[in-house]
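Next come two complexes, and both contain chain A; in the first it sits with chain B, in the second with chain C.
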Partner chain A sequence: MSVLVFSLIHLVRGDPIRLALGTRFSQETYDALRERSGLDLPLVQQYVTWAGRAVTGDLGVSFRSGDTVTSLIAERLPATLTLAVAALLVALVIALPLGMLSALHPRSFVDRLATVVSQFGISVPDFWLSIMLILVFAGTLGVLPSGGYVALTEDPLGWLQRLVLPAVATGVVSGSVITRFVRSSMLEALGSDHVRTAQAKGVPTRQVLTWHVLRNALLPLVTVTGVQLAYLLSGVVVVEIVFSWPGLGQLAYQAVRDRDFPVLQGAVLLFALVFLVINLLVDLLYSRIDPRIARR
Partner chain B sequence: MTAPVLEVEDLRVDLRTPRGTAHVVNGLSYTVGAGETVAVVGESGSGKSVSVLALLGLLPARTATVTGRALLDGEDLLTMSPERLRQVRGPGVGMVFQDPMTSLNPVLTVGRQLTEGLRAHGSLSKAAARARAVELLGEVGLPDPGRAVDRYPHELSGGMRQRVVIAIALSNSPSLLIADEATTALDVTVQAQILDLVEGLQTEHGTGVVWITHDLGVVAGIADRVLVMYGGRCVEDGTVDDVLERPVHPYTRGLLGALPDLATDDEADLATIPGTPPPPTDLPAGCVFWPRCPVRGDARCETEQPPLAVVAAGTGGLPHRAATWCAEGEAS
Partner chain C sequence: MTQLPTPGATPAAPPPSEPLPTAAPPRPRWRETLGLLARNPTAAVSAVVLVLIVLMAVFDETLAPDGPNDQDPSRQLQPPSWSHPFGTDEFGRDILSRVVLGAATSLRVGFLSVAFALVVGTLIGLLAGYYGRWVDDTLMRLMDVLFAFPAVLLAIAIVAIRGAGPANAILAIGIVYVPIFARVTRASVLGVREEVYVRASRSVGASDWRLITRHVLPNAAPPIIVQTSISLAFAVLAEAALSFLGLGPRRPNPSWGLMLADGRGFIDQAWWYTVFPGLAIVVTVLCFNLLGDGLRDVLDPRQRTLMAGGGR
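Presenting the complex of A and B:
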């Protein structure tokens, strides 16, 4: 994994030293800096050095600012976490009722509406949605700020106001994907034999829905929600830029622009780690809700 | 025979399908007395399962149209309110389904699935319901019911699961038990145990039983009366002796002829009925069996539907009836 990250980044064209030095510099300065950053060494050796430090938590120093990569990431992490959790909430608030309603009334008006809405959400690019939201709510209506970030501890209201638009922009996309899953897994559970058994027992409908339909539909849902959360934690680069949201996505974008290899490597490695950890959590959660997995 | 538990009259079920309306059950009438076992036999697709699912309102309401009457202890199942129907499911009618591997909820314990049914129809406390669940599991012959109650379905074998399903169906002492291919998925020894179990419980509680199967061996073992279904209609009914020993309808004879006989001639090919049942979207105008019938002994076979008529006085005071124009030749 880390090999892949490392090699891909070094395939990127452009010389970080040249970029860092600007237009006028002497060959001596260039060589000196190149040697100091270790960029003159063979790639394999660069990788071994980097990986060796990375496992101890030392991700190197930014070419651009001279700060350590770990401190840069730690600084950006709260903003990204906030946005990801808020977006996931938005996604679930959209997806759960909409998916359930359409599964309970297939081919009804609600179902068709949900299909159209989720198709829209899946197909629309998030940057376009972000810009539209800014135009309407920050521009025309002027009710919400167009971007930026303040810490919750400094200004709770301002925090919330600035969170709403980016959270909706990213949440709608995830929500659309999850809606599809809620619908299909609910439909599958509804049609299963054990639901018929429960009905034949004379159990009240509500109880059939919660304990027999929802409880079983939950299994695939946990998986897709985990994947969406991982995506939200790592994939919201464009939305963070549009809303000037100082998160990891923005950090990664700036690092690409500046050919700031250590920062980019650190960020991508973290994204990969997020996927691994969330998948592990999903598996652990699975064993909590599905007894067939727990006992094995 | 005492007053019937179940009286089905002219039951018809139409299902809307993409290929048109399927006439799955077409005027089915039968009664089940207390303590009596009626076997419903026929090929796959003859409407057996649909006809009983319709009784309990378990068909998808969006696509199914059910007409006729189905009196359970004098109350019509087909016209009662959804809430009343819910109350009847369980204490009125218990149902056992075909596949024990899928008819239990995989994420709930066996005990939970039993107590749920018990508590839906009574004011049992949690502890009392659990105690009753253990008792029921013991009654259906589950070893160590005190521990089995906390097991999940995947921890039990197919036969054990089917016992659990039967325990669920019997938990509210229903006046009628419907078993839809309840032993088809089980191996023969387990099947025999389950049949014994149901017979025992039936004599104990006086439950009426509708046993749906395509296994004529099971019919001979368990049933008092037999109803042969084909193309959504009853083509022949009577006591087990009458129908199995002296079949009248060409279809019933075909079914019995298709039974492999272990005692004789194991070199001979298995006799079969050529062709397949008519699609329920496109039933023949005359006798439903006409397209596959080897007899076709009457001019009306192709054009006119034969009524279900008495063909012999029958044994045990019950008439032996068949829907065929070709009964004149009398049973061979």
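Presenting the complex of A and C:
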């Protein structure tokens, strides 16, 4: 994977340094940047140096600002984490009740409503939903700010006000995906033999639901929630831009615009790592929830 | 029952080249599939709407009331009216016309990128699933690596490297969806590979090529078809996101994502500028999703729980 991220900069058409510097620059600036970024070394040596440094957390230096990529990422990480976690909360608040209700009452009004809402949710582009939310809540109603970010420590209310719209915009999309999973995994658990047995021997409904249905339905839910969190951390690029949310997505996008390849490499590597770590955590959680897997 | 040769009669030699009758594989019956699909109202309506959208994209220049770039300073940012049902933009261009013309861009990028992912991904999945062992390991690890990158970011990175433009957007979205097709195909091939009719055909000496083309691929196809419809939905979304970021088609070519990006600047004055192109995206994506669900119910009911949510 690191090879692929490393190759990014070498797949660029033309000279990355020349692209980054634009049209007006002196030979000295060019040579200095080239030497500092190590692009004058042989390819294998470049990779070994880059990977060796990356392992220790040194992802190089931005072509633009001269700051280290690690510090740029560290600066942006809290904002993205905040947004992703808030969005996941919104998603679960929508998905759990809606998915459970529609599984418990299949073909009812709630079920149909849940199907329509979740279909709409996975079909709507999150950035368009963002614009529509701004249009309604910041424009017409004027109750929430249209974007920006303040630290929680500076202005807790302002922080929350600015968090609501982007969190809802991204949360609705994830929530729709999770709703479908909750519904289908609940339905599957409800139809299984052990649930029928439990009902037949007279176990109270509430107990059947919590111990026999929910516990089994939880397993696929953990996976999809993990995947959604990974998606939220990386997939909020466009929403961050719409709401001027100073997160990693915006950093990556700015890096694309500025052709700041070390920053782009760093961001892509981080996102891919986050994805792998979350998947690993999901696997570990699995064996906690389902002892059968641990024993295998 | 075959009769035992009577003594004295010449024994009937087994016909040398005639293949033994094998169990006929359960082929998907297309007419039946279409019939079932037509009985699913949601899927049927989605299919009809999609056909209309495709027709709109094909005959865009005949259908659009105005040319894509017909400017008229006297009618800047006008709200929807009889003469301009979707209103006008800051150059006085008719938004309805641009939405109609934008369909061609979105669908072209969507279809071509999914076609790329379908061909490459299916081939990889087929090889991995059919040959197994090191072929499987090598190809699928490669797919895992590609899959580890967040879709939108990978597409953005590819476009950043190759440069903005429709061709690179197609390539970027296509590459992002290759691993999904590879996985779906591989899983499906694994299920089909050991079926009786495949083993029977192999035992009478059918070549790999014949086995793959005649038995494995046709029977492994249903999940791939379902995935194609769902991927088209996400490809249209991805195209919109890339053009919204200015990484797809260039101005002044009409594109739904680009119109949203431009309309964002006039959000206080002209709601119609962002509402209608966005609705066009939602309707198209919704129809591909609903059609995909309908196809899944008909072709591949067992996959329902596994694939809900597609690749998003």
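Basically, the second predicted complex is superposed on the first by the 260 of 296 C-alpha atoms of A that agree within 3 Å, B and C clash if a C-alpha of one lies under 4 Å from a C-alpha of the other, contacts with A are read in each partner's own complex, and residues count from 1 in each chain.
Methods note: contacts are C-beta pairs under 8 Å (C-beta built on N, C-alpha and C of every residue); 3 or more make two chains touch, one makes a residue touch a chain.
All values derive from a computational prediction rather than experimental measurement.
> On chain A, do chain B and chain C fit together or clash when superposed?
fit
> Touch check for A:128: first (chain B), second (chain C), both, or neither?
Only chain C; A:128 stays clear of chain B.
> Name the chain, either chain B or chain C, that contacts more residues of chain A.
The larger set of chain A residues in touch belongs to C.
> Under the stated touch criterion, which partner chain does A:196 make contact with: chain B (first), chain C (second), both, or neither?
first
> Put simply, what angle do chain B and chain C open at chain A, by C-alpha centres, to the nearest 10°?
So the C-alpha centres give an angle of 70 degrees.
> Pick one for A:80: touches chain B only (first), chain C only (second), both, or neither.
In the superposed model, A:80 contacts neither chain B nor chain C.
> Identify the partner contact of A:102: answer first if only chain B is touched, second if only chain C is, both if each is, neither if none is.
In the superposed model, A:102 contacts neither chain B nor chain C.
> Could you tell me if A:170 is touching chain B, chain C, both of them or neither one (first, second, both, neither)?
Neither partner.
> For A:267, decide between first (touching chain B), second (touching chain C), both and neither.
second
> Considering the aligned complexes, could you tell me the closest Cα pair distance between chain B and chain C in angstrom?
Comparing every C-alpha of chain B with every C-alpha of chain C, the smallest gap is 13 Å.
> Just which bits of chain A does chain B share with chain C as contact spots?
On chain A, no residue contacts both chain B in one structure and chain C in the other.
> Which chain B residues qualify as touching chain A in the complex?
Touching chain A: residues 56, 58, 62, 86-91, 93-95, 97, 99, 102-109, 113, 116-117, 120-121, 152, 154-155, 165, 168-169, 171-172 of chain B.
> Which residues of chain A touch chain B in their complex?
Listed in rising order, the residues of chain A that touch chain B are 106, 192-194, 196-205, 207, 211-212, 215-216, 289-292, 295.
> Considering the complex alone, what residue numbers of chain C touch chain A?
By the definition above, chain C touches chain A via 145-146, 148-154, 156-157, 159-163, 233, 237, 240-241, 244-245, 247, 260, 263-264, 267-268, 271, 274-275, 278, 281-282, 285-286, 289-290, 304-305, 308-310, 312.
> Note which residues of chain A are touching chain C in the complex, please.
Going by the criterion above, the answer is residues 1, 4, 8, 11-13, 119-120, 122-125, 127-128, 131-132, 134-135, 139, 173, 177, 180-181, 184-185, 188, 220, 224, 230-231, 233-235, 237-238, 241-242, 249, 252-253, 255-256, 259, 264, 267-268, 271-272, 275-276.
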